[in-house]
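The same chain A turns up in both complexes below, where it pairs with chain B and then with chain C.
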Partner chain A sequence: MRAWPIVKSFLPFVIGAPIFWALGVITPEAFRLILITVFVNIVLAVSLNVVNGFTGQFSLGHAGFMAVGAYTAAKITIALDGVQLAFLPPAVSDQVFFAFALACAMVTAALAGLLVGMPSLRLRGDYLAIVTLGFGEIIRSIIENSKPLGQATGLSGLPQRVNMVWVGLCAMATIVMARRLATSTQGRALFAIREDEVAAEAMGVDTTGYKVRAFVISAAYAGLAGALVSNAIQLCTPRMFTFVRSIEVVVLVVLGGLGSITGSVVAAVVLTIGLEALREFQSFRMVSYAILLIALMLTRPQGLFGTHELWDLPFIKRFSRTAVRAKEAP
Partner chain B sequence: MSAVNPLEVKNVTMQFGGLKALVDFNLVMAPGELVGLIGPNGAGKTTAFNAITGVYAPSAGDVVLAGERVNGQKPHQICKKGVARTFQNIRLFKQLTALDNVRIACHANCTAGFLDALYQTAHHEREEERILARADEYLKVMGLAHRRNETARNLPYGEQRRLEIARALATGPKVLCLDEPAAGMNSAEKVELMQLIRSIRDQFGISILVIEHDMKLVMGVSERLIVLDHGVTIARGKPEEVRRDPKVIEAYLGDAYLEEKHMAVPAGGEAT
Partner chain C sequence: MTEFLQHLVNGLSVGAIYALVALGYTMVYGVLKLINFAHGDVYMVGAFAGYYLATLIMGGSYDPDATTATIFVQALVVTVGAMIICGALGYTIERFAYRPLRHRARLTSLITAIGVSFLLEFGFQLKPWFKTPIEFPPGSSFRVFPSLIPRSQWEWAENTLGVSVSNLDMYGLLMAVVLMIMLQYIVYRTKFGTAMRAVSFDWQTASLMGIPVNRVISWTFVLGSALAAAAGIIQAVSRPKIDPLFGLMPGLKAFVAAVLGGIGNVPGAMVGGLVLGLAEEYVAGYTDSSYRDAIAFSVLILVLLVRPSGLFGRVTVEKV
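So, the complex of A and B:
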């Protein structure tokens, strides 16, 4: 009985893995990269939501943390490419090393988050946005000027390890993380900071400490996303992590609704696939994207779901109520 | 009952640039005492609160909680040491439910951390259950159990005030500071609220410091009063004594009133 919480803690992943594996098998090669991008965008949007949506701190530095994670993982996978664990078959050994690379990506990105978060989270609102933006750019320009990281040309020829199971599980891990946070007392403390910082502080919430924690968690998952995306395209350049990338993630979060996990997921899925679908129209693609954004901000400034989740929406609530009633009826 | 006073304020002065908002403020609260802090607008009552709860570090003097000097500590640290407060202008977490508002306050003495939450450890689940039970209890005490799942923003005004008190109580304070809890209420509601405050004190055995500028109201409920005017403590003592103190009357009504009633104008009193 004592082991039950641990089992329950990892249960979603045990169930999820075969599903994602099946998804990887049935997906045609043409859609493979799109699907991976969808999952990576889910990781990015949901993790940024922890800072921007839950805690109400406007960060624009997500791409910087992506870069940290991406380069860490790229360096490790390249370095360990020829190495093999003797007691394992080559394919499994590669995956073990990739798991290690992903973990390192998360750790370094988290450390970068801590480094950036400590000084900047004393600021609020626009100031914080500008400082995080600045830090994101600093991280990128450091990489651009560092020889071991390949300067502007970046690192290429990464051995590909990513598959649907990896990206699926990572997206799942991010969602599970956010959901568990949202329903826990720590998550509620973050909401309190968003709602009223003075009152939160007076109620015993260490506001600076919690903001930094949220920032670190979010940065770790951004690093994970960076590692996944660079491995998927087997390339890692500074240009992948400009502040435009940060803005794209912010757009996903704002569109889905600040504070809504399902909102971020839906926005990530719809926008990523939508942009791909519009690829045929070439020059109209970004125009229609912009028009969509303007229209949504005019009609629903709080985003698709506001702070609510998918299951809070009226018609779904009604549906679930009737479902419950049907179940209760003899 | 412990002999240590839960709160002692010794010669606290708050200075903002050239302005002395509070001068040599002294306050000793015994366990279970109900003290009123009164004074006209701008007298420095809220400043005194802010100095006690750590919003400002005092320019001079000491704030001592249960024997420990806490000058310059952050509000969340002071909250954990047993001082909770409400705000003059309601500061609820507006978009969250009443229950969540109180649960956040229970967070103050939660022992599970972020990792416990992320891995859903047994420790985390125990803490969540404890917090939930505790929050429900405080909602019930303040008569808000039926509003449990209502968004704080949508509660009627009086209930928002009570929710704020419930939230403050949930942090488990030894001293509860209420900043004009009756502001914006009609007189019937005010009387009801003051009775509620008394019953909280009796039920939880905590000391309560109430700011109020309606004198009549606070006279009825508190055992001891401190009167501030322009940052200076002009009177302290039993409500009946304070009420007759010419300095207090002057501060509230101006000395024109005293002259009209043929009472002595206190020495050094300035016409305002």
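So, the complex of A and C:
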């Protein structure tokens, strides 16, 4: 019975994979990219929530880490295009290499996160926001000046490897990671830092250490999202990873509620699809982000769910309570 | 030597603009402890206000037949008009976006500030709703700022030092210095300035002493925004390409300048702006100019690591 916890942790993915595969099959071509964007935005929002929501820090540099991951994965997939593992069929071999590229993307983005986080996480809230923004811009500036990374035109013609199963599983992995983090000792420490940094420090929480760790985790998943999105559109340019992109993710997190995983997921799904419907009014898209952000802060600054999860909402709670009672009754 | 002097001139003229914008950041941070993210966009609005006023008053360019005095009066009217418009904008932003949130967590105000900044940037990029008397909003393509004053080169500098200095740079620098002296006077010599410094020191005690805190904060926004408008016009007159996103980078860099000088410190912002302008110009000039934007952020990170209170800032210890 000792194997059960391991089985239990992999079971959702085993069940999830065919569902996402079926989803990929039934989705019409026109909606394929939208659905992929939804999943990528879930990865982005949930991972940013680890820093901005759980830890109460305010990072504006998510796009920079996306860029690091995207370029790493793009370089690897381009380099390994045409290379084949002899003992596997070509399609499977490609997917294995893509998994390798995604892993590398996460590692490099995490390293970038460590590099950025170590010095800047000693700073307080609003300074941190500007410094992370600055680092994001520096990363972009370096890419724009780097010949092997294609400078401002970027890398194009990436061999497409992404499918619905990949993005679905990555979104799931991010959610599971965030959920497990929240219920662990690590998560408790992060919440303590969010509630009161000085008190947390006094209680013996290594505040800088935990903040850096949260930042590194968040950066790794941002890199993953960057790798997925650039592979999905087979293009990787510095313009995809501007400060505006970071703000879009912040809007998702703030809208869903800082600290609420399900909130981020709901916000990512609703806002991505909702704004896609507004695509005809492209110029209003960013204006509506701005108005949404201001209106939300003025009326409900904790976001839709606050720090609560979907199952904490009153009517769902009542429902689940009745369900439990019904089960216990006989 | 020539190159060195040329960079000095360019650095000073860029630095003066950073300094003017940085003053707005530093004053607002002083009284509210808020990074007014939208300040760079007020600077952009200032340039556009000048553009529209110049189009309305002068019909797009100075009249070549008019006397020098007329041209200068017109240029002054445009500048002061833009400063008033931006002052009103600053007041509105404070009144409707920041004041309702003053008692909430600081992060809330920061997010709102980002929202306001985006609203201005992307609101200005919408297609024009009406065409007459002016096309507003201006749309996303750039516009050419009308020339307010005939451009000429300063011959003496050109001939003896080999440095190209335009009269517009000189006027811009002069105006920046005059505005800074005026601000210095307001902050340190007037009753309002005293009230402002009191609010920045401790707003609760200040309000107990009978200082109208709300009004002081409003006026701080008005002053800061007017300075940003002046900076926008100085910038647009010498480099006449303006578009709704052109406040983004100068805004961020001016913030860096404010932090460099010690945020909340008025003379610090002026020095910080000039130092940053010069640093950027020299580093970009002598090495690789394509990294220009990264320089400011590197400076910011260095300052925050080595001396977080900036060059002139007070060191504060966080107490429970």
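Basically, the second predicted complex is superposed on the first by the 315 of 330 C-alpha atoms of A that agree within 3 Å, B and C clash if a C-alpha of one lies under 4 Å from a C-alpha of the other, contacts with A are read in each partner's own complex, and residues count from 1 in each chain.
Operating definition for what follows: contacts are C-beta pairs under 8 Å (C-beta built on N, C-alpha and C of every residue); 3 or more make two chains touch, one makes a residue touch a chain.
Computed from a prediction, not measured in an experiment: that's the story for all the values here.
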Contacts of A:V198 with chain B and chain C, given as first, second, both or neither: both
Partner chain(s) touched by A:T185 [first = chain B, second = chain C, both, neither]: first
Which superposed partner A:M118 touches (first chain B, second chain C, both, neither): neither
Contacts of A:D206 with chain B and chain C, given as first, second, both or neither: first
Those residues of chain A which chain B touches in one complex and chain C touches in the other: 198-199
Of chain C, residues touching chain A in the complex: 34-35, 97, 100-101, 104-112, 114-119, 121-123, 125-127, 140, 248, 252, 255-256, 259, 288, 290-291, 293-294, 296-298, 300-301, 304-305, 308, 318, 320
Footprint of chain A on chain B - complex, ascending: 53, 55, 74-76, 79-80, 84-85, 87, 91-96, 100, 103-110, 112-114, 117-122, 124-125, 127-128, 131, 167-168, 171
Partner chain C, residues of chain A touching it in the complex: 56, 58, 119-120, 123, 125-127, 129-131, 133-135, 137-138, 141-142, 144-145, 198-199, 243, 247, 250, 254, 283-284, 286-287, 289-294, 297-298, 301
Touching residues on chain A, where the partner in the complex is chain B: 2, 5-6, 8-9, 177, 180-181, 184-189, 191-192, 195-196, 198-207, 213, 217, 307
